[in-house]
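Worksheet: the structure to be examined is printed underneath.
Labels run A, B, C and D following the written order; every chain starts at residue 1.
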């Protein structure tokens, strides 16, 4: 019997990507689709790439509309998930693609998001140590941010294996879809094509505390993070270049061994053969993560680089993967490691 | 029992796209993969987006390697298919993604391709009148060119319904993957990003006679074609803007009715609602065709515009669609109308 | 003594490009800069590429602010120029970069712009027959639209020489800056990168009557125009592919001769050597126009293709060129035919 | 009397950009243009954006052809400059845009370039401490690499002022023109559009020893460098994100003061107002450098980010700037700080 799924926030990029994946998920039946400012509009005009759903009409995001589903995905602006989630019963699986329930530390939430902390839900990055167990059977899932997904998967093996000192320096480039579908001048095609630019420099990006939380968790002790996100002239993709000083005694071989072990059984994370480096184009539209790691002996640093699709593994694909685990389905159901390239 | 498929020419863009589709085709088992200049290399280094096939090694394109398959796809340079095909028995389904067997007229072939004409095979554009019947059960299929696919689907309803005069003016923009994976200076990223440029102007493009053949076939009498292809700064996609003078008595309503009728039962061709126009992003990675048509009364012309993914519906998706028909499978097996956007 | 110039509307793309050109114009001193919604802001934050003007602050667009200049450029939304212009004295050279004073026919204006027609000023496309004489000494100039510039320069020689039948079919691709700097969802980088799409199909684009006016003027009798603009994934540039049926007796030689004659003395229009086709990248940031023309004997059509930078020759460069003529300066002062490529 | 200039290697991107700048340099007359594999070809077909030089024909790079010029620019493959330079007399100003004479340390050269070290010439990054004096009157100039230009200008003030610890972590994104005009598969538009990818990771990039040399020089003691270059989907531009641990006692104020002091009199380096970050689009085609710096107290690191045009300030503009100094001209002659945006 099909799992009946509703999507609150179906008109944006995260919602659209989620529907793209749900359409090919063999266990899912797509139910209510909502979108407040676009309620009443045909999905065909809002998401013209989703032809099988072209005739569906968006509804208001109300408890009545969302009732009667086994799973409700929330693709809402930050801070709005809690109010919707509490109206959904405890038996409904609620998968929040916003930030609301990601952070453990209420002070971090308040500092970066400026509102009261709503709580913490099991964290939907199954590849992190201990994460899968927390997701199994859970009725609430907090989907990670796109940057934290790319960065944590690149660096956690080094921290989990005790290879890296407690400060990481991270520079990540993201496609523009990570900034959402709201019309803003600095996101116009005319502005972004042909241009690279940083933002949120100096620890200001909201994903910083989430990265700190993940790496500290893998390490078992606090990890400080210098995180610089940059906007790249492409629609999709994150390339995260992550470095950390190596602890004494670390060698290229011990680094590689740690990464091979960490990802040996992971269905979506591929440690590339030595000498081959990730490219975001290779994971376009795919739930795969490409990772490569090197040890630079001249500066005694570990350099780990990952490529993901920010909308797939970084948002909607990660959400579906966690849903699969929470529902007891095979984790890879409906998800692909095949990119659309060139 | 799975259909066993070989791909000759698996290292290029057409071959890579074909493998992307075959990997999710439920009836297919991927057999031999060949690529002459790249024989011996891992597919993981040549097509890094196809992670499930990363460990496969390319072989030489020889009769022995291609033997023992139910279907052999040929993604070879123009002029090389006949020699390979004749070594494959009459019971093997051979799907040629090159130009060799598309044209009826040997003189056209010789003029545009400069070699002896190899023959004519059933033409793999099922949506054209009569095409499906010729493909059913056939053991040989000539996959259409990418431009002829986009243009013919945009215009054939007007000609089949007798609405258009016998001259069409077509300007089409293509992504760079249509020019293939060979390293050429004018196809460097530095050259194409930020630039639009025409080529093959004045009837010189090799797809011109194929377009003429298709439109003349739909019309029942010769159609002359002014075809200008342009290179656009994107990897994938064709947008074909096609116009023809309307015959006396044509109205906006009669044009729309003809298109609605032509595509009513087509699984891949979507006539958009009035007022919505195609965009190549909406069919990125999809086998769908988006079509819109208008009648401009001020100049009495029909304007039909289509968007396809040149590598999917324009090449590999069209090939799989025809394979399905030839094998007696449901035509849509393994193919999607969902694009990867944004 | 320097010509003192004010720019009303300095925060948009047209205004920014104009300032880029005026900064290197040897006869000009940049005076007041205005921008209503951005009044009070530093130009350094609005136009960060114009470093020499970074410290300038935008003022309100009022008669007092604009007073005391020899030349006032208006880069305002359509329909707002007349009210500003009438407050500027008859001795001030007013160069309107909007559409308000381009059209001769009031009915055309009202149909396409929906307001009362403000009048007609000398038309700032000096290359058109008779246009230079009208601009010399004029105190009012209507700068052409970007598409009409590209299309008219590609086709007028064919019409002026009586080579073409009275219907032209035009498909043009434009970079996104032609749509301006206002934040709109469909112009987001995520939407436009990797996508080609048409708009204003079927005669609906406001530049259609302007193209008709120019070609009819060159022909001496009415020319009908089928014009389809498309949005291309690049910031700048227009590639206009223009075709028209050839009149009886026309040959490739007579076509080429007409174009060579038309552009022989033009400083900005370059008829490329036979076999070389325009590319928008070659005129990026330049006031040059690259034109090529062919005669396709198989369909008896003339195919003329032009490339311009929509912001330079298509807007601000054309404005400066006309200012030069109106002021009696050398027409090329401060303008370049050198593109920024790759 | 004009300075007569020859350019050896005029068909590539560096040579083309140099000619673009020399065409508007008021003291220069462009003499011989050479290009071995392209000798005999019109520049109009090789550099179609340089319309004023379209009719010039490339010659062979021989001593006779290069004789009789005041300045000879060498835009040759690495390792070829010495042989050409030694045939040019000691009174000719030779400006080498290749790497041959940049490094002090012969062992570094041999390790990274694999040939015998040709020597060391005055280094053409005038903004570095002491560099201008060495360039004045010199007859030999080694133009810096593009990455070292961007990185050194971002970080040298921190090292010169003793604010940073002796290890820098740098991640830089470059447009594809930095990889040159040779046809290579991985640089095809189809490959690079929509993709970010790293290369030369782990200290392998040839620009690493040059960066080390510059930062160590500014510091007065060895600086270790972790440098990761990435390829971005744009033609031009480098965005360098550079971080280093702050020494004890460093504050946000002391960092800003050091940068303000370092760039106070620099004509091309602009320290942006606090809160505004560099974007490569803002320096497209310009010799300007945009720099911003922050102090992240949570990790006690200095983060300095610069944007340059890799072909202008990063190559040809830097070369002209150094030529001006060597010849005793005003350093800014013929150079602009105005970008071509959007």
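In the analysis below, a contact is a pair of C-beta atoms (placed from the backbone, for glycine too) under 8 Å apart; a residue touches a chain by one contact, two chains touch by 3 or more.
Chain labels with UniProt names: A, B, C, D = N-acetyl-gamma-glutamyl-phosphate reductase.
All of these numbers come straight from a predicted model, not from anything done at the bench.
Taken together, subunit C and subunit D share the touching chains A, B. Relative to subunit B, the most remote chain by averaged C-alpha coordinates is D. Compared on C-beta pairs in contact, A-C and A-B come out with A-B as the pair having more. Look at where the CA atoms of subunit A average out and do the same for subunit B: the two points lie 35 Å apart. Spacing of subunit A relative to subunit C, judged by their CA centroids, is 45 angstrom.
Along subunit A, residues 13, 175, 177, 181, 188, 190-191, 193-194, 233-236, 279, 281-282, 284, 342 each make contact with two or more other chains. Subunit D contributes residues 13, 16, 20, 23-24, 42, 44-45, 47-52, 54, 177, 181, 193-194, 235-236, 270, 272-273, 276, 279, 281-286, 288, 290, 336-342 to its touches with subunit C in the complex. Subunit A contributes residues 13, 175-177, 179, 181-185, 187-194, 233-235 to its touches with subunit C in the complex.
Within the complex formed with subunit D, the residues of subunit A that make contact are 167, 169, 171, 173, 175, 188, 190-191, 193-199, 201-203, 224-226, 228, 230, 232-237, 239, 241, 243, 277-282, 284, 292, 294-296, 298-299, 301, 303, 305, 307, 342.
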